[in-house]
Amino acid sequence: MSIPRAAYPAPFNTTRASHAVLTVRDLGQSRAFYVDTMGFVVSDETADTIYLRGLEEACHHSLVLKRATAEPVCERIGLRVYTEDDLDKAKSHFERAGLPVKRVNVPHQGTTLHVADAVGTPLELCATMATQPRMVVQFQVFKGPCPHRLDHFQIITPEVQRASEFYAGMGFRLSEYIAVDGTDDLVFVFLQRKGNPHDIVFAGGPGPRLHHVAFTVPDAQHIIHACDIAGSHGFGTNLEHGPARHGPGHALFAYFRDPDGHRIELFNTHYQMMDIENEPVRWNLSYMRNRPWGLPPRARWFKEASPFAGVASREPPHPGAPFTLEKFLAECP
Amino acid sequence: MSIPRAAYPAPFNTTRASHAVLTVRDLGQSRAFYVDTMGFVVSDETADTIYLRGLEEACHHSLVLKRATAEPVCERIGLRVYTEDDLDKAKSHFERAGLPVKRVNVPHQGTTLHVADAVGTPLELCATMATQPRMVVQFQVFKGPCPHRLDHFQIITPEVQRASEFYAGMGFRLSEYIAVDGTDDLVFVFLQRKGNPHDIVFAGGPGPRLHHVAFTVPDAQHIIHACDIAGSHGFGTNLEHGPARHGPGHALFAYFRDPDGHRIELFNTHYQMMDIENEPVRWNLSYMRNRPWGLPPRARWFKEASPFAGVASREPPHPGAPFTLEKFLAECP
Amino acid sequence: MSIPRAAYPAPFNTTRASHAVLTVRDLGQSRAFYVDTMGFVVSDETADTIYLRGLEEACHHSLVLKRATAEPVCERIGLRVYTEDDLDKAKSHFERAGLPVKRVNVPHQGTTLHVADAVGTPLELCATMATQPRMVVQFQVFKGPCPHRLDHFQIITPEVQRASEFYAGMGFRLSEYIAVDGTDDLVFVFLQRKGNPHDIVFAGGPGPRLHHVAFTVPDAQHIIHACDIAGSHGFGTNLEHGPARHGPGHALFAYFRDPDGHRIELFNTHYQMMDIENEPVRWNLSYMRNRPWGLPPRARWFKEASPFAGVASREPPHPGAPFTLEKFLAECP
Amino acid sequence: MSIPRAAYPAPFNTTRASHAVLTVRDLGQSRAFYVDTMGFVVSDETADTIYLRGLEEACHHSLVLKRATAEPVCERIGLRVYTEDDLDKAKSHFERAGLPVKRVNVPHQGTTLHVADAVGTPLELCATMATQPRMVVQFQVFKGPCPHRLDHFQIITPEVQRASEFYAGMGFRLSEYIAVDGTDDLVFVFLQRKGNPHDIVFAGGPGPRLHHVAFTVPDAQHIIHACDIAGSHGFGTNLEHGPARHGPGHALFAYFRDPDGHRIELFNTHYQMMDIENEPVRWNLSYMRNRPWGLPPRARWFKEASPFAGVASREPPHPGAPFTLEKFLAECP
């Protein structure tokens, strides 16, 4: 196996990670978590759906919550392409890869394509959305950790290599990756289009499943405040991991589970990655036992994830053996 | 048993927690930790001793590190009284309590008394110290988390009630305490003289032993930076607990073990407690299972502590059963 | 003239600056400023009065706003003493000084004394107040800059020396002062009882008038946020000076005028001052031309202040010549 | 006149603002300012030149300081293009516009083009640079405000419309602009390629001259710390404007003059601007009298700027009448 390189020029211009569509059982609970506690802005709300965006976002939504009675799932993750023409090229590109594409109408979005990527992740691509006022300096609406914008998705898949190659073929660049020591076996890849470390991350495991959606916060102290306000609003135990700092990717972070178990990451401290000479940063898997500081994630951070609607999860050929908090405590009492 | 009330007027005027004297095996390692990483200011340094202070402190030292080859210990914790006259009154007070007092000469300190408190904690009292320039706005010497001043000590003792009564008799006020649910059995007491929640804290367990010395940092982000800079300087695993927020006491904190295993707490967010009508805040022991957010401390945070020089540790009548991270993970996988 | 030294023991135990009583023309506007924008907590509210406190305060009020149709004034500034017995001693102390004392009933306060100090500042002393829950970790009520507690008052008076001597006689310690270069002519004195740099500050000029009431905020970033949220709520031009850093006192600060022109300071970064060996820090008046960074205050910061109810303002023998922003710009175009 | 629209597709792929080359009279003084105080990382240093980069930058330099005895100037501002092929296309593009291009060798840079833009700004374009380790989590080298990366340039020119059209022709998008009320007369344009509000900004006035180079800092508190550390290092009066918040662009900022009078901006709080539907934000010139909070800039902030090496400054047809601090104080005493 080898480290995939981004197609250049890209077959079509994907600009950034755009939005996620999640189903939830109780919109009231979701609102209490996302709006009242985490500080997302409500762009629109119907009997069945809440459309949320971050404080700096001019796009209509980066998080769509739909009421559903079944097990909560992620319906789709959304990517933005630059123009309608890029949508057409995307359609051709996917179809050439044998991936059927459906043109659909989605409220508040321009022409939208539905397609599953090479490892089965249900995608939604559009070139435009309805716009909303940026709230970036509307301090009177700032609440809690003040999420500013969606940054990236993390997907669990048994086929990290395949996913990497597929997205590299779409023009995504690898900014960092984790490989099994002494090999190029990819276990974790950070792929990006927008010029910072990630738009979409694939990690090895049963999938495809959505591990988390990540949103930026402005300052380090907002990560702390996320925890404090979660505690004050009765969501203290929803904090699953952190506050701590990643090794790969470098970000300061906190992971929360929403009332339906969907996981979000709040983070800051990403870097710019725009120059052609920047080679992806390699990390050996063994490094994950040696984080700069802080406890490793609990086993459930590795195991649990949101299913994608109607997509069966497949097991990887070899089960992983992540370095969990439980293992760490057994080793270092 | 009952909740002790502060003697008023106090038999002598203790003003604040002052300093700790610790022995260490390698002053170079201690310097790497306390000075280069944590950002303490060196007031003086000899072949055998480093005198440290926080950035705002005008007193000569709040932390004294002495080289020793034996097991690292805390020699003494120091309290300040206001005047020489208060020292005389203190001497009488301790002697009336059957506690022998020794007048000693200690470098950089005025007249100093050595005495053990009612539960065996070796104390050092003085009314004056040599002064040093406050570095509170000498930003060119700011480093790492920028510890500003010593705030309090936590002592583990099998006799929390006795300690509380003894310090109440010295005029210390109880700001908060943890008691066994439905009883007044004290398991954790915050005692103070200086008008914030604590100068000295006693927690139940084998002792007397020094659990930690706590230093203030200015902003929430300095707690994060303490972890980051510790990681960068190879002290990442010295972070033992946090960053997280206390229930009782309310502070945002991070606990580090120094290279000899002595524990320090960095924290901010204390409140003022100066008014006579303020009753101590009671917490039930069961609350400790319900912290606002964050994982409970590892078992070793409860078990391990610095011995006091030449003081045998006694076991409590009933071993405690603290709610540890290990228990939490067993209960909530 | 000479630098006054604190009476020890104090004739009675003043513990801290407590509260201010201001009149305002429009309680709705005051609420929009103090509650909705600045984040004060409402303890109580009647048709004519709003009682406010900071987030960490357990006392009923630190700021009382009373509706009045006349020119807005400060009715009184409040000091806390420790016990009812201290109130009695205070009464005797003031009366010995020829200052008539009135025992009055004030809502939510214990026995209260009304008296004017030696330079005419109308004081209100009490030993107890009704208590309220501390909101110090009730993050769900945190708003704007999150003022935590009242810290000090600044009074303008033509008699700085006299004020200093009077408060020193009450046991207040001088922590810092500004004197005319080469003399001991006091132009600015920081006096304190609670162990940080100030409870009451006197500055030379026509008075007695209230220059400002100061409240603490937790972190440096709350000073910035105060400005941002003021801007968002239409109070941007109420920012009169800062954000910047003081030379004397060292604090990071921002000064705002409330809708009635009363001035408040938000600040952090004070230091502890509790040891007998700490001599007051002297600054020469000429230093004020050499602040560490930032522009000097506008002329109106020096000139304008709140009158005290029913107290005539007297001119100083020599008008001051403060180094204003206007002068600075004329000198350094 | 009309608001120019970005050429799409761009004639060549400019990715971002890259670097500035400034001459200085005393490299020791420059080092004291940029390295010891502001915290830039030294990538390389010769007898005549210091190469600096921000903490997250993997490119060799974003700021080049060259010793010179003549009046300090900006030699060139640098832009990055994506590939060598883009360089070729750039050459053709400029030559078609009648702008002569020189291929030059520049240390630590790949093939480099020298060319002046349509309003005379001397540019330097390259597709690659030598790489250096990113210091983004090397906290042991963090100093002062911790500048993370170069973000944008501001150029003063008498031909804002012409500059806008020229850069729009290069594929730059207008994110915000200020126009004379009731007209489309551009007085201030924010142009960008990298997906945040600015890579290059043009403001009306005598030029072309370099108004400032802007660098990002991670958190709001780093803006404050920049001022504090500047004060501690004797550069307090180098702070020229701020800390305050921009109206257009929204950023929290502080402007400093370096020892040679070159101006840098430290800021945070930019937003993402990547979607085709985002229309540029229009501000009326009159708005500049109504900033959200804080004092307007001093007259010299508007007037003074670094000349470009060997480029004569031309006057605009109508002198501007910026709303200066001096005017503000005259109007609002």
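Points worth noting:
A, B, C and D label the chains in the order they appear, each numbered from 1.
Rule of thumb we're sticking to: a residue touches a chain if its C-beta (ideal position, glycine included) is under 8 Å from a C-beta of that chain, and two chains touch if they have at least 3 such contacts.
Keep in mind that this is a model prediction, so the values were computed, not measured.
Chain pair with the larger contact count among C-D and A-C is C-D, by C-beta pairs in contact. Using the mean of the Cα atoms as each chain's centre, the chain most removed from chain A is C. With each centre defined as the average position of its C-alpha atoms, the distance from chain A to chain D rounds to 33 Å. Separating the CA-averaged centres of chain A and chain C is a span of 50 Å. Put simply, the C-alpha centre of chain C and that of chain D have 43 angstrom between them.
Multi-chain contact residues of chain B, defined as those touching 2 or more other chains: 137, 219-221, 225, 228, 231-232, 245, 292. Across the interface of their complex, chain C is touched by residues 8, 15-16, 56-59, 80, 82-83, 110, 127-129, 131, 134, 136-137, 148-149, 194-195, 218-221, 245, 250, 268-269, 271-279, 292 of chain B. Per the touch definition, chain C reaches chain A in the complex via residues 137-140, 142, 219, 221, 225, 228-229, 231-233. Residue ranges on chain D touching chain C, taken from their complex, read 219-221, 223-225, 227-228, 230-232, 236-237, 239, 243-245, 252, 291-295, 298-300, 325-326, 329, 333.
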